Amino acid sequence: MNEFFILMKQELAVTAIIFLLLFIKIGKGIQHSSLLSLVQFLLLINFGAGFFFNQSGWLFGDMYQTTPLIVFQKNILSLGVYLISLLCADWLKKTEHLPEFFMLMLSALLGMFLMISSGNLLIFYLALELATIPVAAMANFDLHKKRSSEGAMKMILSSAFSSGILLFGISLIYGITGTLSFALIPGQLDGSTLQLLAFVFLLSAFAFKLSIVPFHLWTADVYEGSPIAVTSFLSVISKGAIAFIFITILYKVFQPMGEVWYNMLVILAVITMVIGNLFAIRQQNIKRFLAFSSIAQVGFILVGMSSGSEVGITAVVYFVLIYVFSNLAAFGVAAVITEQSGKENIDDYKGLYKTNPFLCWILALALFSLAGIPPTAGFFGKLFLITAGATKASFIFITIAALNMIVSLYYYLRVIRAAFMDKNENPISAIKLSPSVKLGLIICGAGIVLVGLLSWMYDYIHSLSL
Amino acid sequence: MNLLLLIGLPLLTAVAVLLSRNKQQVKWIALFGSVAQLALAFVLFFIYKHERETGNAAQMLFEQNYPLFKSLNINFHLGVDGISIAMILLTAFVVVAGVLVSWNIEKMTKEFYFLLILLGMGAYGFFISLDLFILFFFLEISVIPKYLLIGIWGSGKKEYSANKLALMLMGGSALILVGILGLYFAAGRSFDIMELSKATVSLPYQQVLFPLLFVGFGVFTALFPLHTWVPDGHSSAPTAGSMFLAGISMKLGGYGCLRVATYLLPEGAKEYANIIIILSAIAILYGAFATMMQKDLKYINAYSSVSHVGFSLLGIGMLTQTAITGALMQMVSHGLMTALFFAVIGMIYDRTHTRMVDEMGGLMKKLPFISTIFFIVGLCSLGLPGLSGFVAEMTIFMGSWENADAFHRIATIAAAMSIVVTAVYILRAIGNTVMGPIKNESYLSLKDAAWNERLAAIILVVGILAIGIAPGWLNDLLRPAAEEIMNRIAGK
Amino acid sequence: MQPGLYHILFLSTALFFIGVYGFLTRRNLITMLMSIELILNSVNLNFIAFNKYLWPNQMDGLFFTLFIIAIAAAEAAVAIAIIINLYRSHNSIDVENAEDLKY
Amino acid sequence: MPNVTAIALIPLLPLAGFLLLGLFGRKYFKNSSGIIGTMLLLASTVLALYTAYEYFFVYGKVAGVYEKFVALQLTWLEFSPGVSIDMGLIIDPISVMMLVVVTFISLMVHIYSLGYLKGEERFPTYYSYLGLFTFSMLGLVLASNIFQIYIFWELVGVSSFLLIGYYYDKPSAVAACKKAFIVTRFADLGFLIGILILSFSGGTLDFATLIERLTSPESNEFKTAAASTFLGASALTWGAALVFIGGAGKSAMFPLHIWLPDAMEGPTPVSALIHAATMVVAGVYLVARLFPIFSVAVPGVLEIIGWVGAVSAIIAAIIACTQTDIKRVLAYSTMSQIGFMMFALGVSNYGGEAGLGYTASMFHLFTHAMFKALLFLGAGAVIHYVHSNDMKDMGGLRKFLPITHITFLIACLAIAGVPPFAGFFSKEEILLAAFHNNMAIYWIALITSGITAFYMFRLYFNIFWNKELPSSAKATKGKEGGFAMMMPLVLLAVGAAAAGFIPFGEYVSSDGKALHAHFDLSFSIAPVALGLIGILTAFWLYKKQNDKPTKLATSLGGIYKTVYNKFYIDEIYLFITKKVLFNLIGRPAAWFDKNIVDGLMNLIGNVTEKISEGIKKVQSGKVQQYAIYFLGGVIVLAVLFIYIWK
């Protein structure tokens, strides 16, 4: 019984917060600022909780499993959520439904936790839906914006569609193997046509959630439509969670089909990087821009995944950790600016350095990290992903990946150029940062710089993923 | 001697610059820091000499090896041989000069010096790192400073140039990345140059990896036809920026071509030597001829850089000890020379507000010091004895001539022809700017160089003369290292 | 005659594709939602059938079906809420009126 | 063994002058710089004379031969074991002779300039340049290593560049100095490649070793070098010929002579020093230095040298007859005289009687230095007086410039080969050598010496006689230049008159053994007679102002015009450089870089942009189309992996 609490501590913590919020909502509400700081504090605790009493084990038969690696992954996610709660504080204070927002977001987080540590397709499916449906609701959180509801609609419909496909795949697998447990499926797989079909269904559902080309089309619209807090949650937290479970399922469940999915990943990675970059070049809206750039990033994650060894796992987890910092920093800056000036276009950033040097440096750090330029951590992340991808020594593949870094650098530089170099007679006025936002940005900046240079972190993850 | 100082000192300077309060402080801290670096470089040089004289025959001295990413066998492995020492000295000289010439930068002084020092740090790190991973790290670290320096403080179509430079260099490093990863897996999961230099990489791998690495580094050192970032980048960059770009960054490429591509993949080098020779011979002549047509002083120097750097690539391609020594000498010499050239151009531009050759004239009358320096650097670039250029080029020629077949001979003669063309364009530039009647009345009120400019120029001139008059020390520094490389190529 | 596995699979597959077709062609958001329900039901049929005919000794498929039904309900609830909100702003629930976000 | 420090000091003192005046002259020695430079040079002149005295008389001959020493040798840059650039001081008859010539003439010029350039505000610069030149020239003379000679070769080139361009704000001067540098540079390219070939086949850069290895037929270096052929000629031939090209460039041999007349833009003393007495004979000296290789190893090249010399001699002489700028006349005569020295070497052989040409050439070099320097300095005095270079502004100056007049006359007689002046003896030896080896060249030389006499006296009469300037001019123009200018003239005049009586063969000969040239009067009748004829023609044409010359010119018509325009050689060069080099190579190269290479990079960028513009339609905003792409993806993957991959 005791073990139950220890193994599920993070889920329980999140659930506790959700219920707390629920009671607050039912009871007489507190005003938002104090509530927000309370939530931030709780999230911090939740994040901290991840570091104690880590042990691996199974619960509910084979339904739920946890290992130090999984705990670490969950920590990354809860850290991300905490950062979002800091960075988007200004916007959150304004929304009239603050508790609901957090309830939704945290239940999504809960879903992700369960998903990561799921040991069975059933609970995986449940968790997946739990991680998706609330986000769709969140996407619509700007209740009066047309775009917001349109985005939400697109998201809920297409995700429902994809889960339909997923379920069909699962049903086929169940039909073939007669089991839903991750542990038992591999034994039954022999790569027959039907299994391949089922696998393709399953993979395409994952591809949809990870927004891999050509399953990515919902991404940009939803990102642009929904409020930045949600966008960042979507682009960082859910991507990360899906990546984690995807790599587990590939490596554990479909390990007998390694050859097949390696080729698939290679193809998907290449087109994802290329298409993502090509789309990102042209974007004007910063959210949309980051959406496509994150698609390209996913392409790189796939490069790492294709390695099929613990090097791949390490690289992916490490990259996601860095990605959390970098992307959230970028989104954080965008959030602040949108909140203060209502401007969302890259051209509006012209001459920003004159007025807001601090924001500009953070933005620059974030974008260079996304582009993979040292000394930022992104350099190491990308490099290790490519290294992992190179284990199978297919030079063309990694050359394409490396060349894509040029294109991505090009469009990241566009933003930097706008912020640092371009003249602008009426730039965005100097912005007074609220302490929590400042804290969030500083944490992100520190993360961007340090995660790379403190090399033991990588080794730590590696030791976990063995 | 702890090599970490070479990275730590610039880093410290950069941080101090960031923390300093006003422009004055920034400048002086930067100057102090860079001078300290120069001193450090000299100390390193002398300790190194002493070590060698006391019979320390290890290939690399002052080695330090800290595990960085254990699970990937990536180590923070530092060490220096003659080549690195020479390059470090060059860097130190250029850094000091660069700091001095940009004394009057008013726009975002703090950021400017911060980036400048950072750039220097990258170069130091690059030259002392013996692990391909950190080598690559330090190579890449300079992308941000370069881009921002050109983009923010530059002139002309700076955004375009900055973009072009950043992207082309990124392309180069992409190839390098693939190359070193290939090495990593081909040679049993190690990035360590010392280990790799003992490992045997199978021929097919070498044939694939060598072009990747050489072209990758070649982009940095303006390998024809990938030199096209050079003219725009140099001409748009601020004075100090051009000095760094041409003086140091291009040398990173040459160093990489030699230390990584050629040294670690000797078979590949042999395979592709002729192509390298052809390309660099083309670059030498073609760059020289293209220079003849330029009107903008910065373009003149940029194209002549293409031509001069061609010499060092030629030397590498010739694959003889003397030629490689010459190539390295050329790197050092060209680094000092071109930095000085850009410094002078900057000084002239600050006064006349034009870089167009045919708009100036008779500067000698009002700017004797600057004009004299202009003379010196011009003569150095056309290879006048007593100045560094001559030594390097002659060494390369002697080395190239050692391969006795017609192909190499013709390539050498073709390269040698450039000394005439160089004379033509250099004298044209000198004749139209420094000499001749004063075209523009307003020039009669010009002031000659200020103390900081004088100091910067003198420092670099001293370097040039030190090589030109007594090349022995440099030769002794580089020759053994070149020998190592040749042994590896010869398979000894 | 007694319906065998293949009849049911045929039926479910047909349902699946009908659902997909509906999802792709219908312009009315509610109808699209309904066609998704069709897909889910075809999956339910699959599970039941597999469970009944192939793996009768465990109840996995059955449970899965139950969960799917539950989730589908939740999904539909959220979806309809969103659609209503969309209707508020767009004054229509025609999918073609909600295409502002593109390129 | 002569005193090493003394020898070493000879070049170092002028260097010190250069550094001192170059760095601090403008600040501290504004007025005293001239004196400082002169004093330093005086010192090194004394040292040079002392060295010569010691070498020739105190040390004397060993076994009838003046020994070669390498007084001092420092390794400057080592390429590979055995092959290294050494800085050495070679001491042998010709180098000692050159030491004396260079230091003496340079001293004269230093003194002369004190008067000539009085009041110049760039006085210190001028003297520092002179110091630099003297240093480099002496270094060239003393070079013990073929690469060392190249180094100083370049240095004299640059110092001549600086001195020609001394009046840097005169466009013509700028053009001239550029031209001089670039043309010689072009020749040096040949020299450089020659060095590469010789040093590679000789396996060394040191003169002594090189000569020893490449002249002894049994040494294997010689064998391989002689064996390895390219385009039918052996490596040695190529090497020697290319080295000679370098020499020809410096010594303004046809067709590389075009820079010399323009070089007269420099101050007249400079022309006297560099472009008459010392630098331009460097080519001759180079050939002499490597003479054993030329003569023993590759006789073919000597033919070339001989003919190039002869052709240059006569062409220059012909052109000189038509020029009106007195300095240009002297320039062409210089070229012609150097032509004499060249072909003298060309017709010589190594050792013994046959080596007469060698001795003669060196002898002529010596005497020529005297009288040509004198001529230039005299011309300088004239120019200083009338402030013009052109004959038409001159005439009847003998009254105004008595000393100049006398000394100039002596020089003219000397160059015209009238006994007993210096020129006579050296020229006779040359002719004799030619006579013995190559009749054709002999005849050319004979005619040339006649023409020489003619144009020199044309010059003389035009300056000092011909039309009379009104004596009122005296008042306006003031008096002849001061002591500083006259003293060198007198000293040089003495030299020009007496130098011929030095028994030169005693000291300088191809193999070091004494060589007694015996020629009977009967032989010297022809040249002397021709010389006199030339002088008389000049007298008849130019003594008094008349229209004979113009008549003659018009009667010659086209020929005269061609000659007057120096056979249009400059124009040809102009065509090659401007049209071919710039327009046919430079411009295309620049264009190619701008449009093709650069364009390619931009093209990549634009194509990417275009594609991304093209595919934006995919993101149509229609959720159902998204679903279609989704399904499409699923189907494609399925087909790929179920049907194709398996």
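Going in written order, the chains are labelled A, B, C and D, and every chain counts its residues from 1.
Definition applied: contacts are C-beta pairs under 8 Å (C-beta built on N, C-alpha and C of every residue); 3 or more make two chains touch, one makes a residue touch a chain.
Values in this document were obtained by computation on a predicted structure and should not be read as measured data.
**Q** Higher C-beta contact count, A-D or B-D?
**A** B-D
**Q** Rounded to the nearest whole Å, what is the centre-to-centre distance of subunit A and subunit D, using the mean of the C-alpha atoms as each centre?
**A** 78
**Q** Between subunit B and subunit D, what's the gap in Å when you average each chain's C-alpha atoms?
**A** Inter-chain centre distance comes to 37 Å.
**Q** In angstrom, rounded to a whole number, how far apart do the mean CA points of subunit A and subunit B lie?
**A** Those two chain centres are 42 Å apart.
**Q** Rounded to a whole Å, what is the gap between the Cα centroids of subunit B and subunit C?
**A** 66
**Q** Which residues belonging to subunit A are in contact with no fewer than two other chains?
**A** Residues 153-154, 157, 161, 165, 220-221, 282, 410 of subunit A each touch two or more of the other chains.
**Q** Where in subunit C do residues touch two or more of the other chains?
**A** 23, 32, 98-103
**Q** Considering subunit D alone, which of its residues make contact with at least two other chains?
**A** Only 605, 616, 619, 621, 623, 627 qualify.
**Q** Pick one for the touching-chains graph, please: line, ring, star, complete, other.
**A** Drawn as a graph, the chains match no named shape, so other.
**Q** Sort out which chains touch which and give me every pair.
**A** A-B, A-C, A-D, B-D, C-D
**Q** What residues of subunit A sit close enough to touch subunit C in their complex?
**A** Within the complex, subunit A touches subunit C at residues 122, 125-126, 129, 133, 136-137, 140, 143-147, 149-154, 156-157, 160-161, 163-165, 167-168, 170-172, 174-175, 178-180, 220-221, 224-225, 282.
**Q** How about subunit D: which of its residues touch subunit B in the complex?
**A** Subunit D reaches subunit B through residues 26, 75-80, 83, 85, 147, 150-152, 154-155, 158, 165, 168-171, 174-175, 178, 181-182, 185-186, 188-189, 192-193, 196-197, 199-200, 230, 577, 581-582, 585-587, 589-590, 592-593, 597-598, 600-601, 605.
**Q** Which subunit A residues qualify as touching subunit D in the complex?
**A** Touch residues, subunit A against subunit D: 153-154, 157-158, 161-162, 165, 193, 196-197, 200-201, 203-204, 207-208, 214-215, 217-218, 220-221, 260, 263-264, 267, 275, 278-279, 281-282, 407, 410.
**Q** For a test of understanding, state which residues of subunit D touch subunit A in their complex under the given definition.
**A** Where subunit D meets subunit A, its residues are 605, 608-609, 611-613, 615-616, 618-619, 621, 623, 625-627, 629-630, 632-634, 637-638, 640-642, 645-646.
**Q** Which residues of subunit C touch subunit D in the complex?
**A** 20, 23-25, 32, 95-96, 98-103
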